[in-house]
Amino acid sequence: MVATPERLKYEVKDLNLAPQGKQRIEWAGREMPVLKQIRDRFAQEKPFEGIRLVACSHVTTETANLAIALKAGGADALLIASNPLSTQDDVAASLVSDYGIPVFAMKGEDNATYHKHVQIALDHRPNIIIDDGCDVVATLVQQRKHQLEDIIGTTEETTTGIVRLKAMLRDGALTFPAVNVNDADTKHFFDNRYGTGQSTLDGIIRATNILLAGKTIVVAGYGWCGKGTAMRARGMGANVIVTEINPVAAIEAVMDGFQVMPMDAAAAKGDIFITVTGNKHVIRGEHFDAMKDGALVANSGHFDIEIDLEALKHRSSNVKTVRNFTEEYTLKSGKSVVVLGEGRLINLTAAEGHPSAVMDMSFANQALGAEYLVKNKGKLTPDVYPIPTELDQEIARLKLQAMGFTIDALTADQIEYTNSWMTGT
Amino acid sequence: MVATPERLKYEVKDLNLAPQGKQRIEWAGREMPVLKQIRDRFAQEKPFEGIRLVACSHVTTETANLAIALKAGGADALLIASNPLSTQDDVAASLVSDYGIPVFAMKGEDNATYHKHVQIALDHRPNIIIDDGCDVVATLVQQRKHQLEDIIGTTEETTTGIVRLKAMLRDGALTFPAVNVNDADTKHFFDNRYGTGQSTLDGIIRATNILLAGKTIVVAGYGWCGKGTAMRARGMGANVIVTEINPVAAIEAVMDGFQVMPMDAAAAKGDIFITVTGNKHVIRGEHFDAMKDGALVANSGHFDIEIDLEALKHRSSNVKTVRNFTEEYTLKSGKSVVVLGEGRLINLTAAEGHPSAVMDMSFANQALGAEYLVKNKGKLTPDVYPIPTELDQEIARLKLQAMGFTIDALTADQIEYTNSWMTGT
Amino acid sequence: MVATPERLKYEVKDLNLAPQGKQRIEWAGREMPVLKQIRDRFAQEKPFEGIRLVACSHVTTETANLAIALKAGGADALLIASNPLSTQDDVAASLVSDYGIPVFAMKGEDNATYHKHVQIALDHRPNIIIDDGCDVVATLVQQRKHQLEDIIGTTEETTTGIVRLKAMLRDGALTFPAVNVNDADTKHFFDNRYGTGQSTLDGIIRATNILLAGKTIVVAGYGWCGKGTAMRARGMGANVIVTEINPVAAIEAVMDGFQVMPMDAAAAKGDIFITVTGNKHVIRGEHFDAMKDGALVANSGHFDIEIDLEALKHRSSNVKTVRNFTEEYTLKSGKSVVVLGEGRLINLTAAEGHPSAVMDMSFANQALGAEYLVKNKGKLTPDVYPIPTELDQEIARLKLQAMGFTIDALTADQIEYTNSWMTGT
Amino acid sequence: MVATPERLKYEVKDLNLAPQGKQRIEWAGREMPVLKQIRDRFAQEKPFEGIRLVACSHVTTETANLAIALKAGGADALLIASNPLSTQDDVAASLVSDYGIPVFAMKGEDNATYHKHVQIALDHRPNIIIDDGCDVVATLVQQRKHQLEDIIGTTEETTTGIVRLKAMLRDGALTFPAVNVNDADTKHFFDNRYGTGQSTLDGIIRATNILLAGKTIVVAGYGWCGKGTAMRARGMGANVIVTEINPVAAIEAVMDGFQVMPMDAAAAKGDIFITVTGNKHVIRGEHFDAMKDGALVANSGHFDIEIDLEALKHRSSNVKTVRNFTEEYTLKSGKSVVVLGEGRLINLTAAEGHPSAVMDMSFANQALGAEYLVKNKGKLTPDVYPIPTELDQEIARLKLQAMGFTIDALTADQIEYTNSWMTGT
């Protein structure tokens, strides 16, 4: 423990949970070989020496491995939870006890506590913010203008956060560079598609233990997360319906063999509904009215706003918890709608979030993105930057190597051909 | 027919084939509702009035529908074949006879004739070139510098062509704008992925009538075409191996559940090999040496250079045609390797190329891309431009509508949410 | 040629087609290693010495390999076509010219000719009938009672034929043993499921060249053929609806993730309809009335009775051929319905029937089934017998070996465990 | 509670868990509409009036619903656990407290306790035994010959149990009829295939939280359970290898697109191994030696004998628990092998067993099978009987109805066609 008298140095549920947390952090580390290699390099090169860094993220075993890598790189790092329900208290305890990293996160903390933690994070006067949903950055920009000069930049890994950063940029509120980790290919492939796909269904199964085969599952949104969820739902034997607002995404869903229709039509057909749109009130009052008795509703988008729970409560006469994370609303009409995980990210509330192998890639992007910002301090104008392609390729290369795969290399002949445009038919 | 005395106005196999060609062009038109809507608008607005246009493309029923739309838009259009083996002679005949469009294309024409046709096309002094593989543009740039001033721009729809255009741009040889139709989402989804996927297997089946289930199929390349081919090969029950040179594409193939290995290792395992890389000599001498007796080899990349047939001939003692488009090479070692379609695009040589529904999208992009160039004449610096997002979305919208699908629209509330960055957890 | 003066020794289209037929028969033989091994053994053991044998089958390259194996085994074999549209005239020619086997089959022969050929086959006074749809046996039983004493038995490989044989058995009309090749596992897996699945889609694509991805395909029947067709249709990117009359098959389709509904509801949703039920008039007048404009209708069941073409003709004002094997009916209501292959087996009319690798297994079952009947002459009471399990396993073993696969064998320890019932938890 | 002085009336962990158990039993009941309909009929008809019945099964929420249905039917029923690790203590408590059913089952009970419970069950002097793995019947036959006269029959739902019953039959030890619930179609489709498929992966994910996409998963056995597991593993993005000893099953796996090889070869390739063979020591010492460092090994076959843990212990220097149900063995060679759930049924140890919807079908078969034995008391000779087809169809019909599906019925015309054999081509 590293507490000092002048301020509260951590806030976790129970330091006694540390031993279990440590074991779980190490187990996760086994599936994170890319981050491990980066940590080893950071320990040598100390790229974050003298840098104050705030990470706002789901406090899980994988985030722990990121935080450890950042600290190994010399960062004065502080960690807060990006979501009140996803904190693993044993991990938070171990980070404080075993690794000397200040953590402010408790599973089930209320909104007031969450916002207090955001303020504590900003009190740390960060140079780098590793954000997840853009709450720390948005608070900084709105409430701590005097700290803007401290900031080197931010990295952001959610679609939601990127949408907010771009809106800030449009409004002239973004005064520093942001690295868009979310759009890295090695993030998409693992995190949004494969991670969300598996862990969303995992969360639903753990919450309910229902059989997915033979069920009609409505997936709202066909972005990377929606694609992953729809693909895995089909892989488990479900009949999948996709809803969309973007015609290009919708036609892709059609071509992938899914049924596509508006939510108004899908509402009456689904056994299970999953929202992954990044937008609000995708499932609304009129949709609850149209659902089958006993329909299940879950969200796997970043914020708990995709399902309009107020509208549901308004038309319900009773709510009871029927299993952990599973609440049955009895509508005044007599039928019931079952809400999972209170409409929060189901993979984090009812399961364990993304598997470590997934976060290995996302957090490698976060770590290298943060290092890139520090290395290019002063050179980048305020903007939302993609991850440089070389970093993306490097991460893929490290991962393939760790998984034991080799691939082809271009021959000299092929390189020459690629660079030439005179050869034809 | 529109022949005039001063020069050869068309070169097709046999005008008597026109009636069958017309019937087939109309059948294809049924599956091309997007292009139909564009043609109707063109007929009203005449965006190509006074424009000389050369289209170099596979001369198929679908290209015919594009050519008809361009002519309806007022273009003085001339069509040549982009590939000696893919011409449908009845279609070429009908375009000349029934639609008054000069066509220079005969199935099986030799290289000399092909290059003569490119010259004839350039003699047309085009303002707009709709290209497929960049041969017309490359010839123009190298041999007809004096015609460069005529050019408004070019549209290009193959990966190969885009690679060549970018190399030209790097070398300062590209003096006019090029629209990259190949990277339109509505092109990818339909053409590279779904079109190539289905039609490549269709070509292999028509050439051989073999059962794909239970076979090990090696797909070289995991770009959009490779993804489509691998996905469909699995969908037909094959066990699929992917080879790649790009680590990001390779890790995506791994995550999609395919075996990934270098061609050196795959060569001994495959029953069927399909190249879709855009590069040369992806299957080389050492790979033929390692193959099983009776292995089948096909190409679905743009040029017939992906399989090193010279190396194969060099180590063979005999070649015989065992079915149409199917040649068995007997190696000196005693075993045989079977080459399909002489290593040319198998979906065009042994089957009918992309289905019309696919080309509907690609050619809608070509048509709107060409219109965009004309509308923005003089405003675009020499560069390779993506298709504007609005055109992409418009095409998707037209297609969904034609297929009878409706999708959601954002509510006012959701639009407001999307534009705001202050709301958070 | 083996013609003798006293009777017509063959009836084929054109003996000059023989060279191409021979080449194609040999190509097919490469994919039929199991039948090849059986033929080699037959040539040694001559199990059919002195046996008159009639085979009624689709006259394709694969059937040719079966006929050659039977003749190698000493049979006095005669071959007729089981379907007027499926005969490959070059194969028929080669069997007569190159292999000395009398064949009575011409592509497109009319019904009268077909029935004449059945009579000619019965004139051969067969001891063994290898049937496909039970027409030869049914004719024998009804019209040639005096020949019943010649008969050792029959083998039958279609669901339709088995249904008819069981009905005969029920009525007391079956006076000899029948071997049900159709229910062999090695038949199911290859022929009904994988063969019909691939070749049905192949037939539809060759007839129409349409893109299957994004289409809604209605598969009527979820037996082995229907399962294969539905699986492959999904594998090509279609959205698949299944109709059934059997609740067990229907629930399996549901659990496999397909939409299940009655044809009345499916009729309005499908872009393509495929019948594989073995029953008649599965698509009827009321269904045509409900279909979308331009819907495609194909049959892959044995007889051309699954689609009620009379009802369609009755409500149509016009029919025209729009491509080979593709007829567009214009309904009086104004919309059109497109019928493929005249409602006959689409994989045989528009494509080349089952791939050779498939028929290798089915015909190995036919050959061993016929041998089994001869070996057990006089020992089997009139009944429909399954293929003995040992033959089924032997065929699978030969196939795995030919494909280069090895599998595990039970250890002594495991054999002991399997035979014991006393060991428990 | 129904304890009486003369003997121990139940043995459960803690009756205070009953309220949670009751809630969970009711939640499961929602997904078991078929059993619900059967229970309602049983409550009216009382088919088990006067019958002493022992059920040996995994003591889960679903088994609870079966036990309640049997008791509703008048049975004097007693329940014991078929597996020491699968008991849900809250469910056991609720059955005793809330439903008055004697239960002898505690999660983690040792072997001695398990065998004591089998003896207590036999002390109940059952007329009907509903068995799961055949332990109660095997013990009865070996140790309680004097009770054989009490027995009306047994129902058995595992492959393992059926193998043992058939061995008993062969040895003349089976003196009463057994109904093979395991081979009911409605059992296969739901339980072995869809249930085992989903719940096996669920167990592995809960135990490890690893990402399945991109992993190589070796499935030993391609029976119904293996098919389901392989299908779902592919559906989650894994690359699947199948091992088999039966050539027919092996060729089916090949045709389904899986890699097939002996375990000797697969051992070095797998990241995760799953045994579902019903046989012993499928993974042995030599296989552990060949595995990658960190390979995961799990069993989903009935008994914990498929993985030779003795051989693994023998070559290990250390074992530690790294997560619940996850033990890491460090081999003397330095690498590690991770064993899940101690090699017991992973879906029951680490997850919650089959989803309720699955067990609805299996237990409907058990309930109707038991009723069938009682109704036919005295009429059935000692043998292993399949579930009558009518019961199978009835269960499918009830399920479709409960899920809201309708299907086609044969028309009069079609029925006549089906019964006729004279109509042909």
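Should a chain be cited, it is by its letter among A, B, C and D, assigned in written order, with residues numbered from 1 in that chain.
By our rule, a contact is a pair of C-beta atoms (placed from the backbone, for glycine too) under 8 Å apart; a residue touches a chain by one contact, two chains touch by 3 or more.
By chain, with names taken from UniProt: A, B, C, D = Adenosylhomocysteinase.
Predicted model only: the values in this text are computed from it and were never measured.
Student: Where among B-C, A-C or A-B does the A-D interface show up again, with more than half of the contact pairs the same?
Tutor: B-C
Student: Return the chain pair with more inter-chain C-beta contacts, choosing between B-D and B-C.
Tutor: Of B-D and B-C, more C-beta pairs in contact link B-C.
Student: For subunit C (Adenosylhomocysteinase) and subunit D (Adenosylhomocysteinase), what's the span in angstrom between their mean Cα positions?
Tutor: 38
Student: Could you work out how far the Cα centre of subunit B (Adenosylhomocysteinase) sits from that of subunit D (Adenosylhomocysteinase), in whole Å?
Tutor: Going by mean C-alpha positions, subunit B (Adenosylhomocysteinase) sits 53 Å from subunit D (Adenosylhomocysteinase).
Student: In whole angstrom, how far does the Cα centroid of subunit B (Adenosylhomocysteinase) sit from the Cα centroid of subunit C (Adenosylhomocysteinase)?
Tutor: Averaging C-alpha atoms per chain gives centres 37 Å apart.
Student: Would you pick out the residues of subunit D (Adenosylhomocysteinase) that each touch at least 2 other chains?
Tutor: Correct list: 190, 194, 213-214, 234, 237, 251, 254-255, 403.
Student: Can you list the residues on subunit B (Adenosylhomocysteinase) that touch subunit D (Adenosylhomocysteinase) in the complex?
Tutor: Listed in rising order, the residues are 213-214, 234, 237-240, 251, 254-259.
Student: Can you check the complex and tell me which residues of subunit C (Adenosylhomocysteinase) touch subunit B (Adenosylhomocysteinase)?
Tutor: 23-24, 26-28, 30-31, 190, 194-195, 197-198, 202, 205-206, 209-214, 231-232, 234-237, 292, 294, 322-323, 326, 351-352, 354-358, 403-404
Student: Can you name the residues of subunit A (Adenosylhomocysteinase) that touch subunit B (Adenosylhomocysteinase) in the complex?
Tutor: 82-84, 111, 114, 133-135, 138-139, 142, 163-165, 167-168, 171, 173, 185-186, 189-190, 193-194, 243-248, 250-252, 254-255, 260-263, 279-282, 303, 305, 392-393, 396-397, 399-400, 403, 405-411, 413-414, 417-422, 424-425
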